[in-house]
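Same chain, two partners: chain A is paired with chain B first, then with chain C.
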Partner chain A sequence: MSKLLTVIVASLLAAGPADGHLLQGARAFRAGRYAEALVEFKVAEKLGAGPDARAYAAAALVKLDRPEEAVELFGPKPASDPVLEFYRALACYQARLFTCADRALEGAMGRFGRRVEEEARALRAQIKRTLSAEIQPEAVDWYLRHGEEALQAGQPVLGLLYAAEARALGGRRKDCHRCADADALQTKAKAAAGAGEAPR
Partner chain B sequence: MKATITAALFALAAALIPAHARAEDATSARDEIREALESQARLPDVRPTLPDQASDRAREVHAAIAFGQKGTAERAAHQAAKAAGDASATAAARKAAEVAADRAGQKSQAAASEHRADEVRKGLPPSKPNRGKQD
Partner chain C sequence: MIAAWALSLWASAAGAGPIDCSKVEPARSPDPAAAQAYLEVGDAESRQGRPDTAAVAFREAVRLDPASPAARARLLNLCRESGEAADEDFDRATRAVEEGRYEEAIAALGPRFAGEGRPDAAAALLYGISLYERGDDARAKQALQLAAQSPGTADAASVFLGLLALRAGSSDQAAALFDRAGGGAQGELARTARDLAALARRDVRLAVSAEVEGGYDSNVDQAPDRTPVAGLSGDLLYGATASALLRPFGETGPYAVAGARLRNLREIGDYDLAWAGGAAGYRFTHGRDELRVEYAFDAIWLGYQPFSTAHQLQLDGALDLPFARAGALVSARAERYSAPQIQKYSGPTFDGEVSLAWGGSATELKLRYRGQGHRSEEAEVRWLDHGPGVRAMAALLWGRLVVDAQVTIRTYGAEDPGFGDVVRQDAYLDGVVSLEQDLGKQLTVSLCVGGRKAFSNVGTLEYTRLYGGLGLIFTAGLW
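This part shows the complex of A and B:
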């Protein structure tokens, strides 16, 4: 009985400091001190604040203009919180992963607050304009090259998303430029990421 | 036995009261983060474009040329420093680098003058000389 109580009390106490860091991170983020917010969220994650803290750190990376790292930290699956999904879309967008960004926003539309919904709509319009241009083979090559580089650098999620982007853009061309290469890279990246499903 | 149960209940109550407060803290922390994220959710100033390997390659080549020019100056500096081989090496290196950089600048100005002269020869108005930073 006393052992059980000790375990309960210990586990309840453990959650305390992590929340303090989350709060500090939130205040720093709101004040625009993103580097400080990033540190606080990372500490909170280490103290057991859960997967949300990881996503908050990724959002801070987006604001620090480090989209590739943010994409990797967010992971391949959609975030449950629509605001975090907005930041994941921003990370994809800034990393030139346009279809990734658009899918993320599409899945979260209607769940944002009013202001964020407007931002999301504007971002989707920008993406649509960008993708309305004819897809050049060089663009597909660029994604494949960066996908390979990301895999080599130990960033499997980023590699997977670059491969998916190459496949999506290559598929828009009549000749389906290097679609087989993109498929092969996706398979390789999935194995590296341990992700059994297609990225969103 | 009765005493143990009473003690256990007290301990549980003591743990649950702050735990309740902590649960509220956790909720308020997440609420605060959510509000902070929403307040800063804006589109980036820079709009990325579709990558173009050709233009990326051109930028890389341009950078390589620029570094090549600087590299020539650096190589000259190192050679001069090696030749001097004493305390004046640093000064010699700086001097050599300055000379090399100056030559590169002169070469660029000469090319621009040549271009303007060519324009005049063809009966065109000469373009304005570039007064900006040259590197």
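This part shows the complex of A and C:
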């Protein structure tokens, strides 16, 4: 994704002490050295880079197949940049947060470049197929369990998104399987995350 | 020595990660502030269980601040845990432990435990093993507890923590630690840990045991090879043994043992044997070094007639040397024979033995040299003998195998009128192979096959004896 480098270089126009690390991270990212990119983005964040550094680090985590950490790092709100939002959608998708992924892609459609747009459409079609199957109670239970575990592990955003996914999937069933549990978990996760709004 | 064995098992189990452990080229312009940020990122990744990204961060921290010991130590630890490190001290210590040079291993690894910082688990395991072998139990425990916190070294560390507990007399705690190692480890380490757990449970302060045996002896009365009755001296045998052991302070300290044995022959009743005896002594230990002093008394009946009694004082010990485990034994035994025809054999017997051993408690090769002098009132039944011996012990999949062989060359003190006024000179070749297999925590089965070939300058004293037997041993700890 060379778009990411463009985004980062553009952000460097407002230069700061962490710029060199952001640039190093972007170069490493483009070269496929994602571990190095992650480290550089995290160092940049430590040295005072803006919140985008977190999102870049999250994108590197997606590439490193660490989607749960990526979801947590992206946070509950949509990314301002469509490329980063695409990575957030990928993180959600890889973490089996299909509703989260679909909403992220839906919100950014029309702002992607042509190639990303095509990938986003293909991903949404895949998500639609996945969600078209009958929702089993075990699936809802799985999300609630992982939500609790995420909260216990100090990952409130991930916990919140799992709870939201459980609520969305449970709500698709006639019996609204464990909807009340999902609502309660969302409330708990919001309190833990300090998030005042529902995740998208 | 168990150390080299455990080390090989642990090393073969350790995995290697894709971490770049090549030499780090320092940056032209050091930047300690940025290096600190990399260090913190590396620590965070390390806590997440991501050694690959942590290593990337630590390498950059080292590059930007080559003088930073913290960054170097963290990178080195990661590389060691992944098996990628080129760590000369560690490699030297590993070789030293494998070859039993524990002082050298302690010297190589000691500095890592002298300063601040947390040594890696692999070094802690090696260091702990070395200290254990040298008898520094307190420091060994600290190092092994550190090694026990890492999944890659936890099982081997638990084995040695169990051995420490055993040495301290806490057999219950030792058994629990061996169980833990046996439950987590795979293959040979698991099997040995389970064996050690069984042994630890036997390492009680008051134990009783009983054995029943059956077998065959081809030459009960040591009939000469050239006589026509030689083939008629064989007989089936059966018997039982009971014994009790008391050691109120565990392996180290005072102890007492008493026992009795009956061994009957099916047909040759004159050689039915009864034995009763007891011993009391004190065992001193320092690490693996040990010294034991013991007094013993026993009495033998043959054909249910009193045969002999003896009082014995014995001193024996073993010491770990850099190249082997050295042992020595001296004893003095006052023997008195009851039957009129053998009373002339009464008198003191002095024994001595030196040995060198390699290996450990489960697998060991021991070379020894024994000597014995027997004094009696009649010179023709005094003797001096000596000769080399070897004992090999191995823990195999199907049990414990022991092979023992001894050569004895004996010269008597004077011409014997009973044998044509020649000074008897005998030589004995003895060999025995035994196999033990635990059937449970308290039951062991034992199979034994052995023999003796006796040579002599008196032809009628040459004989061959072969024997074999099967025993079932029950052991129970009462305290």
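The rule is short, and it goes like this: the second predicted complex is superposed on the first by the 183 of 200 C-alpha atoms of A that agree within 3 Å, B and C clash if a C-alpha of one lies under 4 Å from a C-alpha of the other, contacts with A are read in each partner's own complex, and residues count from 1 in each chain.
In this section, a contact is a pair of C-beta atoms (placed from the backbone, for glycine too) under 8 Å apart; a residue touches a chain by one contact, two chains touch by 3 or more.
What you see is a predicted model; the values in this text were computed from it and never measured.
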Partner chain(s) touched by A:Tyr93 [first = chain B, second = chain C, both, neither]: first
Which superposed partner A:Cys179 touches (first chain B, second chain C, both, neither): neither
First (chain B), second (chain C), both or neither touched by A:Leu64: second
Chain B versus chain C as contact partner of A:Leu23, first or second or both or neither: first
Which superposed partner A:Ala192 touches (first chain B, second chain C, both, neither): neither
Chain B versus chain C, judged by how many residues of chain A each one touches: B
Chain B/chain C common contact set on chain A: none
Of all residues in chain A, those that touch chain C in their complex: 21, 35-36, 38-39, 42-43, 46-47, 64, 66, 69
Touch list for chain A against partner chain B, complex: 1-2, 5, 8-9, 12, 15-16, 19, 22-23, 25-27, 29-30, 32, 52, 56, 59, 63, 65, 81, 83-84, 86-87, 90, 93-96, 98, 113, 115-116, 119, 122-123, 126, 130-131, 133, 135-136, 138-139, 141-143, 145, 169
Chain C - residues contacting chain A, complex: 34, 37-38, 40-42, 44-45, 48, 50, 52-53, 56-57, 60
Touch list for chain B against partner chain A, complex: 4, 8, 11-12, 15-16, 18-19, 22, 25-26, 28-30, 32-44, 46-54, 56
